[in-house]
Amino acid sequence: MEFEPKLIGFLCKWCSSAGADLAGVSRKSYPPNLVPITVNCSGRIDVSQIVKAFKDGADGVLVSGCHPGDCHYTSGNYKTWRRVALLKHVLDDFGLDPDRVRLEWISATEGEKFAQTVEDFTAEIKELGPGPFRDVKK
Amino acid sequence: MSKNKKKIGAYWASSCGGCDVALLGLHERILELLDFAEIAFWPAATDFKYDDLKGYGNNELDVTFFNGGIRTTENAEIAELLREKSKLLVAYGSCAHQGGIPGLANMSGKNELFDTVYKEIPTTNNPDGIIPQESIKKDGLTLNLPGLQERVRSLDRVVDVDYTVPGCPPPPELTEDFLELLINGELPEKGSVIAGSKTVCEECSREWNKESIDAFHRPQEVDIDPDKCLLDQGIICMGPVTRSGCDSSCPEVNMPCKGCFGPPSKVEDQGMEMLNSLASVLQVGEEGQALEQEKELLSNLPDPIGTFYTFSLSNSIFGGKVSEGGEND
Amino acid sequence: MAFKPRIGVFICHCGENIAGTVDVSNLAEEIIGYDNVSFSTDYEYMCSDPGQNKIKEAIEEENLTGVVVAACSPSMHEDTFRRVVEEADLNRYQCEIANIREQCSWVHGEGNDRPTEKALKIIKGTVEKVKRNVSMEPVEREHSDKCLVIGGGIAGIQAALDVAEAGNEVILVEKSPTIGGHMAQLSETFPTLDCSQCILTPKMVEVNQHPNIELMAYSEVRGISGYVGNYRARIERKPTYVDADACNLCGDCEEVCPVEVTDEFNQGLDTRKAINIPFSQAIPSSYTLDTEACLGLNPLRCSECAEACDADAINFDQTSEYVEEEFGAIIAATGYDLYPKEKMGEYGYGEYDDVIDGLQFERLLSATGPTGGEVRRPSDGKVPENVVFIQCSGSRDPENHNSYCSKICCMYTAKHAKLYRETVPDGNAYVFYIDIRAGGKDYEEFIQNVREEDRVLYLKGKVSKLKKADGKMKVWGLDEISGERVEIDADLVVLAQSIIPSEGAEETSEHLNLNLGANGFFKEAHPKLRPVESLTGGVFYAGTGQGPKDIPDSVSQGSGAAAKAIDLLAKPTLSHDPQVVEIDEDLCSGCGLCVGQCPYDALDINSKGVAEVNELLCEGCGTCASGCPTNALSLRNLTDEQLTEMIHAHIGD
Amino acid sequence: MDLTNSDRELTANVEELSGENIFSCYQCGKCSAGCPFTEEMDILPNQVIKKVQMGDGSVLDSDTPWTCASCLSCEVDCPKGNDVPAIMEAIREISLRKNLDRVDINKLETKGLPEIALVSNLRKKTG
Amino acid sequence: MRDITYYPGCSLKDTAKGFEASAVKVSEEMNVNLKELDRWNCCGTVYSLTDDNLMKQLGPIRNLIRARDEGSDKLYTLCSMCDNTLKRANLLVREEEDKRDKINSFMDQESDYEGSLEVRHYLEFLQDDLGWGEVRDRVEEPLEDLNVASYYGCMLTRPKDIGLDDPHNPTILGELVENLGGTPVDFPYESECCGSYNTVDNKEMVLNKTQTITAGARKSGADVLITSCPLCHFNLDSRQSDLLEVAPNHKPLPVLYFTQLMAVAFGYPKVNKFDEHAIDPKEVLKLENKVGSER
């Protein structure tokens, strides 16, 4: 059976989740691998949660927020930006491919971009294969 | 020996031995201790053999101070034995608590370690590439050596632990506190860490001025302002994610906290939490145009895992190096 | 855990919108076996009346403690369903929406199980969340009914009058000795050519007489603490050394005063005495002794004014008074200044007397100005025959000056040229422009009239330089349309200098932690949808401090800010979304890392050495909660545990 | 060009001859945009007007007024209702009244040309 | 028979004889008599635009006075140029009192004129006074399968206050074509100037325009092009033969006066004097074999 990645998507409520809704309204089809979790702000995401998701068996994690300058809370997305940057640096050292974490800015008007992002990300993770903790029962 | 006296054990697994010295750091108070306790097992200080230990009944030892992580099969075996023989098993010191510095070896596999230690180190002369074996038969005799396990584990990942006295090594005051609680029958609930409940920052007298961090420096590179928070000065101090109880002894003498007391109760992964908090207050250049400069900044952070996980790698969420598609526990 | 959640899951078909792709009845069956789910059902349209009733009935009959509605996006019906659960006596926050339409059924093809599998995961995650939700009520707090208006230009005047008229007390703080701002300096106003002072002074008088307005002129805000509804401001009332009630404006003091200094009101085109009144209709109508110009008060070097004053109004012993007041709302109307012409190297660095700025020309045109309304050039008083107006001076020049358009210069330059041509019919007026931006009502018509009837020669292009030669001022420019480089011997050059925020903008932003944009103007909460609000609750913007604008726009924004303030002050208590951050004091070590992360200044380390959140300021983004190194901070109803369990449910098997 | 000493009389003359307010042109360029003969012109019709506004005498040397066929495209297009062909005619007239005829009937090849062409040409291009 | 007072202008007696002949013939068919104005002089060809010289308006106005004196209240023209000049002069008299007074005081031989006359183009006559039905009823040889481009030029529709149709989107010629059974084709140069009198001293410029206009009409599918202006006709027809000398690949397009097309449809092609055309339209109009059948 073909490997189907398990992906978690953290979407900020104001931009990216609204963008995902727009993808829905415009019926932009994309693979169902990514399961979304809507949070108030991408700044709500702690890198430990991303690491835990991998430990739980996720193959990839998408974090998506408002474009720089557009954060509903002024600067939450900048915090996310730096957290993810540092996380990727350390993930590399840990031996986990940093490409398994993707940070995207998707606005409420970018339904197409949301769909495209999920499609690309799913394909990319398919290429990378299962994550290090996949199928290991806790 | 009085029948009322408590039987105390101590053991040194995979560690430097400093913890045993720390027990001795009780100094004259150790004599007071002997008024109501007797040493029933302490290979480093007194002449006990494993058979002596095996000879004890279950739970015969009142309390055992176990220092060091579980690196070898022997460590694991003794840990299980001590668990059986002890009413209370105390993870004593950073290595038993979190794997400690030996736990950093989890960034390499067992074979990699052997190769490094026995073959690649320049001062090693081993032309035949001989690597220690767990079992050798020679002249009809079998010689067994403890086997090296794939990873270092903290004590609580191997056996049930009753209490933890943290630190590298634990300050004598904490050991005293524990003994006092033990003697007075006032021990807290099982699983407690005998130290503060908050973090080093609570005890630290330095002042964080609520600004952000724009550069990393190593302590030797800068003139440290003794009143200002070390993080404020760009020195990575693990204080915010490290359990209190040491009286902020390192930061008080211009050394950043390295995190030996482990994380506070609600923190699962000390290193990740620090990385996250640090990133949250990073301010490089203009808001939003930071990534390139962050890379430059990270070049001043040559060994992030060594920095953020000095003591806690073994106990972290990943526990060590992960291998894509490989077997990780 | 003694409390055992009982969650009901309600799955909406949304006609075929969901049911066409997702096996809804299967979902209802599958989810019933899941932890804590004690009821599940599916229905054609959950948002319909019968659908809503199903939820209410189930809450009552099954004693549900939480509800998950698996349906469309929460942006559609979250509020609907939360009202439904409220009607069944469940707290509104015990209802969550699992979005299985926009983010599932609509985007995944039918004919396989995967959309159903994904929907199940989304629902499970939502169950994990809702079973850990706490019940919340909006945060309520008392507030002050007073409004502070900072700045007494036309925007501040309008705002103060509107707020006062609604019945709220207002303190209007103005830095200079009189209110009126720049509008008081203008000659006539475009496009109607009303006399500026004629339309302004009645409003100034109204401010002075309004029972709800306390005017503090010659005063400055020195500090503000607090938060929306409960600001506390410290205001310095500087000494004028003249008792305003006693002063009868006879002017004797001014006459005898031996010191003459540059007159700011006339933009330096004239002088004034050390004791002076800016202009005759100034409000408050009283003299002010300028101590910087005065020969000296301590020790007293000259007391001619006091001796000349029959009313005994002069009191050299006055000192600054400090007033502290509580305010519910604050309106920042700090106004503008002109970009200094001294920065314009190409136009002579402000060293040529006959190169003046727009406000100076206003004073030359004004009947109350230094020339009594006759256009005479500063250097020799000659009536200029050739006047060159240069638009965009310091504006739209990102390389050397300001990148932005100052918005009003096209109009006031046209007005200047017109008024000049009317006073000097034989004179020639030349206007250099890059574009003409006349976007206001009747503005374009005004410009066309100036070109057509006043025969002002508009030249498209910037002036490259001006230099004195043979006692004349030569202006070199371009007319892009004819393609001709042109030279003009100008008798007077008027620079339409860029508008910049006054110093007050930065001072006020420091007091209130307001954001300033790249150009130093106040930054709005949202540039389009919340243009008069700041990101700091209860602080509103009026006038040019927020960006270049003309009088009608300033007045509109003054009224807009006033309406926002009135709206806030009219509420009996202030209520706030309860989804805020809370702090576990047992975990917080007071490291302070959270404080700087909050964009709303809602966090501080209190006297107990632990973080404290001001729930009225917290907007609930949760950035601090994830940035807290000890996890002492958590965002209500989106805790670490909730996230972890949601992830767990989503990864599933 | 020297604007201070520009040919203000030119501006006045053109206004008088054309009956148009030269300053009412706000240089939108629509006249030039619709002119079918700009390719044959040295400067654009709107530039002609601009130069008249500026009192730029060089406009009298331009071909443009002579190339203009009074086709009135600009006249129906002008958003300000300016009679651009009249302005062109005014400029032609200024030259013609100085006896500067544009065409010389004696040198024209008139053979085969219809009357209508000849008469109108001479009416526009000779004084 | 209905009499209408008709001003021919010079071209119709010279280079555009076919225009007049066809107009006379088709009018006759519709029971209309083109009663030529008794004494007429040149209309002035181009309308004078100078504000200060009223001399140039005397020519056209004198024609108007004569028509009035003959007892007409309407004066009809065929030539667009005459139509334009007469209409504008008439408007000047009507609307500008000062100038009217000056003109009247100058022409002391004639009685004062105040613009009472109405100048109308023959197309307006067809459309409004007669009605298209009257035209349609006389069609004997419907112009089936003939694609006709209508060329309005400048003078019919500009300036706005005298134009007989929308200057940006005129339709009157197209309607005529439809009523003759032909197919009007849209083409982008319907109102683009042909170069007019510049044909005298700047032939090059006119050739360029001629090519643009005729090739443009061809490209839009036209078989023939119709006009009502003798100067346009000269530039588009005669100059097309000049054009062929410099641009041999140019595909010639016959250019007709609109009344000539009417005559063809009415079954009287011969009155058209097509022999005087530079580009022979007979083949396109399928007239070559029909010569004998001409009524």
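Labels for the chains are A, B, C, D and E, by order of writing; each one numbers its residues from 1.
By definition in this document, a contact is a pair of C-beta atoms (placed from the backbone, for glycine too) under 8 Å apart; a residue touches a chain by one contact, two chains touch by 3 or more.
Small disclaimer: the values here were computed from a predicted structure and weren't measured.
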| item | value |
| --- | --- |
| Intersection of the contact lists for subunit D and subunit E | none |
| Third chains touching both subunit E and subunit C | D |
| Chain located farthest away, centre of subunit E as origin (C-alpha) | B |
| Higher-contact pair (C-beta pairs counted), B-C versus A-C | A-C |
| Centroid distance [mean C-alpha coordinates] between subunit C and subunit B, Å | 54 |
| Interchain centroid distance [CA atoms averaged], subunit A/subunit C, Å | 35 |
| Interchain centroid distance [CA atoms averaged], subunit A/subunit B, Å | 34 |
| Centre-to-centre distance between subunit D and subunit A (centres being mean Cα positions), rounded to whole Å | 68 |
| Subunit D, residues touching no fewer than two other chains | none |
| Contacts with 2+ other chains: residues of subunit B | 273, 276, 280 |
| Of all residues in subunit C, the ones touching two or more other chains | 597, 623, 626-627, 640 |
| Which pairs of chains touch, using the document's own definition | A-B, A-C, B-C, C-D, D-E |
| Subunit D residues touching subunit E - in the complex, by the definition given at the top | 16-19, 36-37, 39-40, 67, 69-73, 75-76, 83, 85-86, 88-90, 93, 102-103, 108, 110, 112-121, 123-125 |
| Residue ranges of subunit D touching subunit C (in the complex, touch as defined) | 1-4, 21, 23-24, 26-27, 43, 46-47, 50-51, 53-54, 56, 80 |
| In the complex, subunit B residues that touch subunit A | 107, 268-269, 271-273, 275-276, 278-280, 282, 284, 287-288, 290-291, 294, 298, 304-305, 308, 317-318, 321-326, 328-329 |
| Residue ranges of subunit A touching subunit B (in the complex, touch as defined) | 46-48, 51-52, 55, 68-69, 75, 78-79, 81-83, 85-87, 89-90, 93-97, 128-133, 136 |
| For the subunit C and subunit B complex, residues of the former touching the latter | 584, 586-593, 595-597, 609, 623, 626-632, 640 |
